[in-house]
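Per-chain numbering from 1; labels A, B, C, D and E assigned in written order.
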């Protein structure tokens, strides 16, 4: 009985997550980000995002797991632009997860906010609850003009209509890295061994990805940067993405 | 053999019922087009056992509701939103709904159980009992009981008296 | 239980039977389709199913020459990443580079050789065989060669470097025509011409943004479109936070905020066409402050005397405080760097402006030192070093020749001058005078549509080639591009077509151009280079070198940068200081606004418009997709009563386009900016017929020194047409409304 | 006058029974389809016998399915692999099925084998991991070595995967993202 | 209570049963029309949407919930008239309830069904909607009971079950009356429906107890149902939705629109089924007073919501407030305020309260207002969430508008079928309100 109680207690946060080896985390340095959108296309290529077409774009039905938000400050001529890449923040206390009636989204042991496409029934509650608006719905079954379908990544599902989708931190790459690590004497995944497509492409190296449970990882060091903050921190969603605000010379 | 008597007025009907009861007829049914508390009193119907069904259902429902919610959470450990696996507030909502659902269903069961409905066997009945007549049915009367019952009913002022064979 | 009658029994059996059949049918209907397991007939050596392999090659989406790695699974290209060992891209890619897959698998690719089947330009073609196609071209060229009329053959290509350029040159040379011309709208011709003036050599130096601490850019969108954006972005990241304890500063001077302007610490909207003047103003301040201590200090003082901050300030509309502040910072920075490009290098004063910026670098002592302007003394392969000019001058000459009827056969490879030239150059009309136009192209486009014969080429992901990045990276580098997938269709690489044509023409051509394929040619040339360097090693040694280079995708000698710091002679710099003010086509009273066409980070000069990923990529500054627009300062728009989406008629002295208006907070009130890239007429389904092409209304203004097109020197007037058009954009409200988005709360107040 | 629900129900007895029989029939039909009629052992383009190769000639599985322990896909042997043996060994050059194989080889055509075991597209499955974990091929594929024509012995369903993962206490074996992609 | 004099017991039977047993051509035409409209406006567009995807509707990434969900809430709200009101009045023993409660409960049932239909229309993959029910399955995975949507599933199924049982059990004695008045197949059917009810004292006694327990269960259930529906919104952190006041706000609004719905239905029953004898001024007057009270509560909560948004003073809440009050949908907002806060005040005048026609208009206006309220909640909050860059706009497509219209036809169809199958006034309970059959009476 006492072990049962112990076990129940172990399901409590944060102890539940502490047992595990990884907490995938990203830092994005806004002082490096130039808004070039290489990450946006990289994501589209890696994750089989559909080409929705002009008409559907006009209806705000685009699907971009990562997008660049732009904010102006001031008026001409003292006008400034701030870019901020917005992708799933993989919140530890994600509002979207409790929204799903069928467990299509939940939090896994690596600190990732999962999305199981083939479990989704499309209530879209998660998208309403998400304060970062990074969940995208498949309003249609999208097709690719032949032969564009040949570039589809076989490691990622092609989603059908009625399914919610979002950034997965490129789970397929994490999976491959873990697989390789396992082959290699069951070691843990090394820092830098796995990078999501957006991080890999970023020409200014504004994005850093890694395991924040590893104190030696690059991302752990970046997280300690005094410029670090989390977007909409007051909502207490505990995002896994730390942004570094713009600095001044 | 069942004796049926139909009355146009409530007090005649009640009088007949009381007299029959007093004469030792236990197996009587009092049919009326609307619920009559007096008739129920004549038969000595107090608190209905239906309430026990309701209570049992509600308790069972509550337990099942919580067990279902908690059990589901434990079968696949899928944490959501940083909540604990057994998250009390939402599970209590489920418990609440299941309490009511089972309460209602058990009350329904109780109704059928206590009222003896659906009536599978042939039951003596007069259609006017569902319009504007009050009907006394003496069931299981045999021999001289038939005449005695009939007399009591007629004395009370019945409009119509019938005898019906009951099949066992 | 009562007895069941026979009839009843039959009914029950019937019901059961119907049920059973229904069940079977149900089972059949939910059964998954039959899938096949197709084995390889003969598996390649490195084939493993379900496991990706990476092949390195060179990106061809712009002229930067980034190395890329392509992820291949089961013979299909799945993803393009930067090649981590390539010094230009260092494992990174830009959006255009990623979208290369869209080019490879583009549904609009030309799949077989085509022959014009109607009136020229009608777009109706019929399929022919490669044999017939090559014979047609070969015999025509052969005849001209025999008739000694080979100079009536012209070859126009896009920007081509490396061996393919050499092959083209050799082919044309053997044919007897010296008319091999490249044309690329993005070619920095003013920069080349100015460098020739300033340094006596027309090379692209290496602008070392990485180690700079103060970058002053005159119109050069170095993070988005200028020369080598990925490499510059890497450098920019390093400039910001790569050096311990210091953060480099960037200042951008341009009339309309570009991607680079948005990232800069200061954005200064100087009057268009006066950027060079501003540079001289800063130079004046530097010299008069005594920051320049060279021996020729007095000469500089004299040369710059006319450019006092007061005068410069009046003409550029940049306050003299700002000018002296810039001069102070520029002079005092540990490593300052001034660069010029974009519209600042595309006025009628283009060369003078760039020379002024070069002067600024000279005065601040930025030449030949880290964080400044570094000259590559040695290219990897000597023969490929001289990058062929791809400016407008050549294509203007070609147009003239065509108009004069001097061109009998025009071979066009990978260039789209019909789209990327001002309409009043009348290139398209001149094409009508050419009896035979042969297009070597992977996609239908406006120029290909005019062709009589289309020879479909492989995309760069299916071709052999090599490249020497220009500018270099400070040491000798060459990259190999190899086919990462087998050609999808019945197409040939441009090199193979040329070799085949050579065989068709016969004579000395097939003897001198003895290689069977482009691959052979490249190996042969690389062996030569190898032997030159390694003093003729063993054959196996070259084989090992070749394999290693192929695997790495790049060959380089990081140690061999000894000559990197040598600074060419700059003696002529002072002499070439001129009064750099751009002249605009169109009078200010009739045409009140300056047209500022700009290259977009998505389409560059329009070549990316047929790639769906790029069409769906929101414009970095405005978030607009699918279509073009004209940017106006909100004040200008309000004054004219223009709202977002109002269709404007933008008229220059030479043409008119119609395009919806979009207010843009970071643009000068006297400027209207238009992105280049849309407005295609025949570039496949994705480019469609959307938007407008601002190049077409640019007046044919010529830079006074180099004779190159000054595409930023046109004035326009705008008129509301009364129509409205939905501008498709992803942005909602582009102000933070005080929310904690870009900075932590306490920082925001 | 009397009332009886039973009386009222009586005429409905036969239609109800018929419906019941129909429904039972449906279930039986669906079961029979699943058990006997569904294509658990499709007819392959070449009548290849695992018994002859594996049991009689003692060729281990991974001699032909060479990718099984190194990649996600076990892989069917290439045509060159088949013909390699069948050409070099003199006593297996003849026979109608082998001639079919030879025809494929001569035409340089792959053999369109029909998939027997198929996981849905939204599932990530890797042979390598399972073999490295020490699973025998037979645990999932059944005794293929005794089959003349390969038959699917398990129906691949999520519960089947999850039960095994649970039983074997696979690390993160019940995390959805271990298998779903 | 009876405007036209007391009917006799037999008359009650005759009048009520006549509406079921005698069917004129008008009825069939009406039924045909509503079914046709339901088919063309609801099911055909839905079918189209099933084929192409939910994209057929006007929702987009800025507003993933749209008219379907607002209609769902509206219909759930409308359902709060009947069962809740009926149960409350039963427990408090209000005699005027008895003539109207049957049709009110039917309204509950049918609006719940319509609401459930909207859930099906709303979700992206309706063919997997059974995954949101705790049904044993081969995956071994049950739904997530932490989700407010699961509260919904549980609450609505419970409510649907309880309401069905409630209305059914209340009708059992009346089914017996139908049985007695009919022959052949109908008689057999109603024998089964009425479980062979004879009206014995024991049956009445048991039914009375059971019925009271149903009522006792249903009242908290109904309150919980709309609270839970409100939590679909309030448990999010979306500005404009994340209000603690939402549960009482929704419950109050639900009863409000439901009560107005009863007035409309009562009018129709009176008019078309000729129940003038049974549904009289007392009902109208009581409902009118109830409506005034509810409208005042509703207005109060509305003011409170605005106040708390303003008083909170965060950029998020203020922006959401601004968009609601003066944004694109502001006309709809003010229309709602007019119809739901001001128009009902007219009922303070007895003259208006006693006029059937005026009350009909007011009740319909209130429901239009409430339909708008739901739409505004959905359409103005989501496009103004946290990141200004993601601000957007939502406008329903023709499919959504058509399906909304069609849903009223579905409701009407169900109701029309209902009046032919169930006595739309409770015969025995009307009898209870009549003079008892006594010799001295």
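Here is the rule we go by: contacts are C-beta pairs under 8 Å (C-beta built on N, C-alpha and C of every residue); 3 or more make two chains touch, one makes a residue touch a chain.
The model shown is predicted, which means the values in this text are computed figures rather than measured ones.
Q: Setting chain A aside and leaving every other chain in place, which groups of chains remain linked through touching?
A: Taking chain A away leaves a single connected set, one piece.
Q: Hey, what chains does chain B share as contacts with chain D?
A: A, E
Q: Shortest hop count from chain B to chain C along touching chains?
A: 2
Q: Count the touching C-beta pairs: is C-D or C-E ahead?
A: Top pair by contacting C-beta pairs is C-D.
Q: Point out which chain occupies the most central position, where each centre is the mean of Cα atoms.
A: A
Q: Of all the other chains, whose mean CA position lies farthest from chain C?
A: The most distant chain relative to chain C turns out to be B.
Q: Between chain D and chain E, what is the gap in Å from one C-alpha centre to the other?
A: Distance between chain centres: 52 Å.
Q: Between chain A and chain E, what is the separation of their C-alpha centroids in Å?
A: Centre-to-centre distance between chain A and chain E: 42 Å.
Q: Centre to centre, by mean C-alpha position, how many angstrom separate chain A and chain D?
A: One centre to the other, that is 36 Å.
Q: If you average the CA atoms of chain A and of chain C, how many Å lie between those two points?
A: A distance of 31 Å separates the two centres.
Q: Find every residue in chain A that makes contact with two or more other chains and list them.
A: Where chain A meets two or more other chains at a single residue, that happens at 60, 62, 69-71, 95, 98, 100, 103, 106, 119, 232.
Q: Would you please write down the residue numbers of chain E that are in contact with two or more other chains?
A: Answer for chain E, listing residues that touch two or more other chains: 62, 140-141, 143-144, 146-148, 150, 192, 195-198, 386-390, 392.
Q: Counting only residues that touch at least 2 other chains, which ones in chain B make the list?
A: In chain B, residues 76-78, 80-81, 83, 90, 118-120, 123, 125, 127 touch at least two other chains, as defined above.
Q: Quick one: which chain pairs are touching?
A: Pairs flagged as touching, ordered by label: A-B, A-C, A-D, A-E, B-D, B-E, C-D, C-E, D-E.
Q: Of all residues in chain A, which touch chain E in the complex?
A: So the residues of chain A in touch with chain E come to 56, 59-63, 69-71, 86, 95, 98-103, 106, 119-125, 127-129, 131-133, 136-141, 160-164, 232, 235.
Q: Looking at the complex, which residues from chain D come into contact with chain E?
A: So the residues of chain D in touch with chain E come to 3-5, 7-9, 11, 157-159, 162.
Q: Can you check the complex and tell me which residues of chain E touch chain A?
A: 52-55, 58-62, 64-65, 122-126, 128-129, 131-132, 141, 143-144, 146-150, 153, 232, 235-238, 382, 385-390, 392-393
Q: What residues on chain B touch chain D, complex-wise?
A: 76-78, 118-127, 164
Q: In their shared complex, at which residues does chain A touch chain C?
A: Going through chain A, the ones touching chain C are 29-38, 40-42, 44-46, 51-52, 54, 57-58, 60, 62, 64, 67-73, 75-77, 79-84, 145-148, 150-154, 197, 200-206, 229, 231-234, 245-249.
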